[in-house]
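Below, chain A partners chain B and then partners chain C, in two separate complexes.
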Partner chain A sequence: MSKFLTNIEKEWDSVVDFPIESKPERLAYLEDFKQKGLPTRRDEDWKYTNIGFLNKINFSSGNGSKINSELISGIIISDLDVHLVVLVNGKFSEDLSQFESNENLKIIPFSKLKKDNHRRFKENFGKMTEGGHRFENLNRALFSDGLFVELGGNYKAEKTIHILNIANCKDSPVIINHRNLIVAGECSNVKIINSYYSIGAFESIFNTSSEINLDNSANLTYYNLQNDDQDLSHIFNTTRSQLAKNSIFSDFTFSLGGKFIRNELSCRLIGEQSLANLYGLYLADQNSLVDNHTFVAHEVPNSTSNEFYKGIIDDRAKGIFNGRVLVKKDAQKTNATQQNRNIVLSDKAQINTKPELEIYADDVKCSHGATTGVIDQDALFYMRQRGIPLAKARSLLMFTFCYETIEKIDIEQIKEYLTKIIKKRLNI
Partner chain B sequence: MKQEQEILEDLGSKEYEYGFVTEIEQEFAPKGLSADIVRFISNKNDEPRWLLDWRLEAYSLWLEMKEPNWAKLKIPKIDYNDAYYYAAPKQEGEKPKSLDEVDPELLDTFKKLGISVGEQKRLTGVAVDVVIDSVSLGTTFKETLAEKGIIFCSLSDAVKEHPELVKQYLGSVVPVTDNFFTALNSAVFSDGSFCYIPKGVRCPMELSTYFRINAAMTGQFERTLIIADDDSYVSYLEGCTAPMRDENQLHAAVVEIIAHKNADVKYSTVQNWYPGSKDGKGGIFNFVTKRGICEGSGSKISWTQVETGSAITWKYPSCILKGDYSVGEFYSVAVTNNFQQADTGSKMIHLGRNTKSKIISKGISAGESNNSYRGLVHINKKAKNARNYTQCDSLLLGSKCGAHTYPYIEVNNSSGIVEHEATTSKVSEDILFYCKQRGMSEEDAVALIINGFAKEVLRQMPMEFAVEAQKLLALSLEGSVG
Partner chain C sequence: MSSVKIENLHASVGGVEILNGVDLEINDGEIHAIMGPNGSGKSTLASLIAGHPDYEVTSGSILLDGQDVLELEPEQRAQKGIFLAFQYPVEIPGVSNANFMKQSVNDIRKAKGLEPLKAGEFLKLMKEKAKFVEMDKSFLKRSVNDGFSGGEKKRNEVFQMAMLDPEFIIMDETDSGLDIDALRIVANGVNKIKDGKKSFIIITHYQRLLEYIVPDFVHVLSGGKIIKSGGSELALELEERGYDWLGETNDEVVA
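The block that comes next holds the complex of A and B.
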């Protein structure tokens, strides 16, 4: 048995019964994971991504020492008024969190949830991840806590919800299996931030699995902010969404820091006139790896998806983009676009992209484009001619490259927060 | 004017034009595949020892290999022991010395196919090597070419007359173990074409091979080997047809091209194997490995293909751009109708500095067919300033067909520039309306639009072929588009 599986077995011993799902109910998922084992590069979905490191980290779910509440203020986005939900090592932290939960906006950690009291929870929990991939099954077997968010019909949340995942790895490497279930009722409107932060000198492994359900005409924006430790943080982040009629789902994935990041995002458009916007930006340097897998399924007529992923790869880093668009037989009048643009800065860096289209309906408009290249030499020349030094000109051009994604964000504070991080990275 | 519905109903009513069988006496190897059959084929061709050993090794390697299953194709189980691996038109005594001695029945076959071997000799100035089932029938213009030092003959002749060239290059671009079908081909290939262009020679005419499967229950396994020495140029054409039969027949060919310094090779294919009936019965399984290597600097290999036939096509003509400043090109029109399946595309492997490649792929799907583009652009660490441009467009006719795109793009340095673009749509209603407004029938308008869609690729073909390809395109889609 591989070391990873041995560690997982140990983890399983510490799994406790949850009111929402008992341990025996979760056993099947563990068995499934054990049977399939870790994916290798022979699996098409992992062709470019090596996860051998999982066998080298001696992790546990760990408890760790207490987190100082002052630290939190340094991590969160300043000036942004949010419902803050903090999870430390995958468990809800009452002391650090600050939010209000009511009938219209339920924010309830799984550990405090009585399943029979919440119809929407019962209807949706685990539905989308059923039959999912290996890390989703691992999550289902081992999740230590999770967050249930429900928006009532016509409710427009004024405050953004911020889910902050903290890994406390001061004493030993940790693995965190955490779940989210978000249900947006009819005509509701909400913005949610999901971010990661590791504290300590040991490795962290996050394995997040989120399910997002949008009812008719709901509008949900989901920000994934990944700006964690360059040497220690490993993120597996799977998001599955389902869009009913007229609903709008926008996902922003910013992968700016982390030794290993694998994002898997899937959108099923199952209601007519639904719209999915997927935006991504990744900056990878040193020895890091950023892997974005997206899947958009158009299952009914008249739906639209826009996908726009950009990245800059430097040093010995590796970038992977795999975008799949599926248009089912009945999904006539589908409009799907996909763009992936990359800049490679170093001869030791690598980018592998695979934009896929799979189309079974004839009356559709689908396109994808992928480019990999260098900084525009003409623009560089123009700037230098006007007295801007080479290094600065390069940085400025790269910043504008990144800003194309940032400017699509509709919360000013997040824009500023990200601008600051990116400017620092580019030495502006 | 025909309404769209009627047009669609007509779809597939068009019979395969080349589906006749020529009644000639045939000679077969015993059915099935074994080391003895490999020996039998080798013996028939009167091959030297080294080639037999090479075949036998390929056979033993093949036994351990598995069929590839990653393509988006539904391939029925193939029983490799239920086919003949060698079939040849029977002939008394010696091989015909010239085409005048060839069985007139056979020449008729080619006349019916529009390839009148004799006429071609006089009129069009295309040198043709004709391969029926397993054996090369004869090569035209051999003498004219020999004057320039060009060797153009069947592979079996080349083995006898130029063993050093064959030995050096056979299997050098497509290794025996490249995949399941190349190993099979290496073991049982019966014949094929061989072409060598010496240094500094510009081949004065198009070289052409015409492949035809005639016998039932046979597989066709031919190999083509093209070597272009320094500063030479050659344009090579390949065409194929087969009779209509209910069973599936296997065609697993290998094409290897070696382009030395500043050589320029252009390889064009019009593939029109029997695609199967309109209910998806029968047809050829076309599993072909084509690969060229730009060995020297400044060399160029250009693949052009029009794929209209075969029940299943599995084919990825590739270029290994090893020499600095070498160029690889791939132009393809793939048409699938009824129950045809195609998984085709190109691989461009950039190894040398300042290498360039271009992929233009046009897919047209109709009926209940599935048409996939699968391609790889790989830029090696050392391939400084490599450049690739890829464009794949798909056109869907009818709501039961599928069009898919799977491009793999791997960039491993900071100076490579790769662009990939793909679109999928149906025939634009606006353009259709515009044409109809000007008095064209719907069928004519669609035909015009399809032609325009494929123009970029057809333009790359030699004159003789472009005309044939254009006709074929219209025929393959007759009923569905006009």
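The block that comes next holds the complex of A and C.
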């Protein structure tokens, strides 16, 4: 048995019954994972992504020493008034969180949830991840807590919800299996941030699994902010969304820091006139890896998807973009665009980009494009001719490249927060 | 102070020789026009003085106030007062004109050991110089040259020239593609910048720009060499007679 599986077995021993799902109910998922084992590079979906490190880290879900509440103010987005939900090592932290939950906006950790009291929870929990991939099954078997968010019909949430996942790795390497279930009722409107932060000198492994359901005309924006430790943080982040009629789902995935990041995002457009926006920005340097796998399924007529991923790869880093778009036979008048643009800064940096379009309808508008290049040399010379030093000119051009994604965000404070991080990374 | 001395300049790109020994001396405050057939090496000369990395100088020197600039990086040349108005100004989406100029002005000031301009001073300077080329202030907020018309791009070059207050200016076919109104605006702008101390090289195909900006000397560059020099009347003569009568125009090379 691989070291990873041995560690997983140990984790299973510490799994307890949840009111929402008993341990025996979760066994099948563990068995499934064990049977398939970890993916290898022979698996098409993992061809460019090596996860051998999982067998080298001696992790547990650990308890860790206490987190100081003062630390929180340093890692949240300043001046942004949010419902803050903090999970430490995958468990809800009452002390560190600050939010209000009511009938219109339910924010409830799984550990405090009684399934039968919440119809929408019961209807949706685990539905989208059923038959999912290995890490989703692993999550289902081992999840230590999670967050249920439900918006009532017509409810427009004024405050953004911030789910902050903290890994406390002060004493030992940590694995975190955490879930989110978000149900946005008819005509509701909400913005949610999902971010990661590791503390301590040991490795962290996050395995997040999120299910997002949008009812008719709901509007949900989901920000994944990944700006964690460059040497120690490993993130597996799977998000599945389902869009009913007229709903709008916008996902932003910013991968700005982490040794290893694998995002899998899927959007099923199952209602007419639904719209999915998928925006991604990744900056990978040193020895890091950022992998974005996206899947958009147009299942009914008249739906739209806009996908726009871009990134800068430097040093010996690796970027992977795999964008699959499926247009089913009945999905006439689908409008789907996909773009992936990359800048590669060093000889040893690598980007593998692969668009996959499967179109079974005949009256559709689908386009895709992938470019990989270096910095625009003409622009660089132009700027230098105006007295701007080479390094600064390069940074400014890279910032410009990144800003194209940032400016699509409609929360000023998040824009500023990301601008600051990116400027720091680019030495501006 | 801005005297320029180009001596026996040879240059090549991708192994092809484009300049075959250019000699040119420009004293303080002089305006020199360089004319010549397509492919004679005019734009190469301009790019080379500015330090374009694609061109390789095989021999010769370019002295600015006695200092050889060939060893300097493009930004260092700009900081020493060399300004190239590009034939094809580059679009930089996402960087506003104002921000671009702020970086540029302050980087040049920094190289000269000066403090950066205060926000208010900088704004005032921009407003003042924008008037030189009748540029609406909305241009300052727009991305550099992004979606600009040909005429707007050239006006923007002259605006930047006014902002940076350089000592040695090379204008590379700034008049090409301009209608008569735009040409007048651009030429007026340049005339306001001219202060009797700045030196100019004006590269052009046509005499019409030189009606507005009157040169002290006119040179004909052909086959990578200056084959004839004269006063401003030479431009008129070239307009009438073309270049063939000068001979030596057959061995054209790629620009």
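Convention: the second predicted complex is superposed on the first by the 428 of 428 C-alpha atoms of A that agree within 3 Å, B and C clash if a C-alpha of one lies under 4 Å from a C-alpha of the other, contacts with A are read in each partner's own complex, and residues count from 1 in each chain.
Quick note on the criterion: a contact is a pair of C-beta atoms (placed from the backbone, for glycine too) under 8 Å apart; a residue touches a chain by one contact, two chains touch by 3 or more.
In this text, all values refer to a predicted model and were calculated from it rather than measured experimentally.
Applying the stated clash criterion after superposition on chain A shows that chain B and chain C can sit side by side. Between chain B and chain C, more residues of chain A are touched by B. In the superposed model, A:15 lies in contact with neither chain B nor chain C.
After superposition on chain A, the vertex angle at the CA centre of chain A, spanning the CA centres of chain B and chain C, is 70 degrees to the nearest 10.
In the superposed model, A:411 lies in contact with neither chain B nor chain C. Of the two partner chains placed around the shared chain by superposition, neither chain B nor chain C is touched by A:421. When the two complexes are overlaid on their common chain A, residue A:5 makes contact with neither chain B nor chain C.
After overlaying the two complexes on the shared chain, residue contacts for A:397 are found with chain C alone; chain B is out of touch. In the superposition on chain A, A:378 makes contact with chain C only, not with chain B. Nowhere in the superposition do the C-alpha atoms of chain B and chain C come closer than 13 Å. Shared interface residues of chain A (contacting chain B in one complex, chain C in the other): none.
Across the complex, chain A is touched by residues 70, 381, 394, 396-426 of chain B.
Taken in their complex, chain C has these residues touching chain A: 50-53, 73-75, 77-79, 83-84, 86, 89-95, 100, 103-104, 107-108, 111, 160, 164. Listing the residues of chain A that touch chain C in their complex gives 376-379, 381-390, 392-393, 396-397, 399-401, 403-404.
Within the complex, the chain A residues that touch chain B are 44, 48, 329, 332, 342, 344-374.
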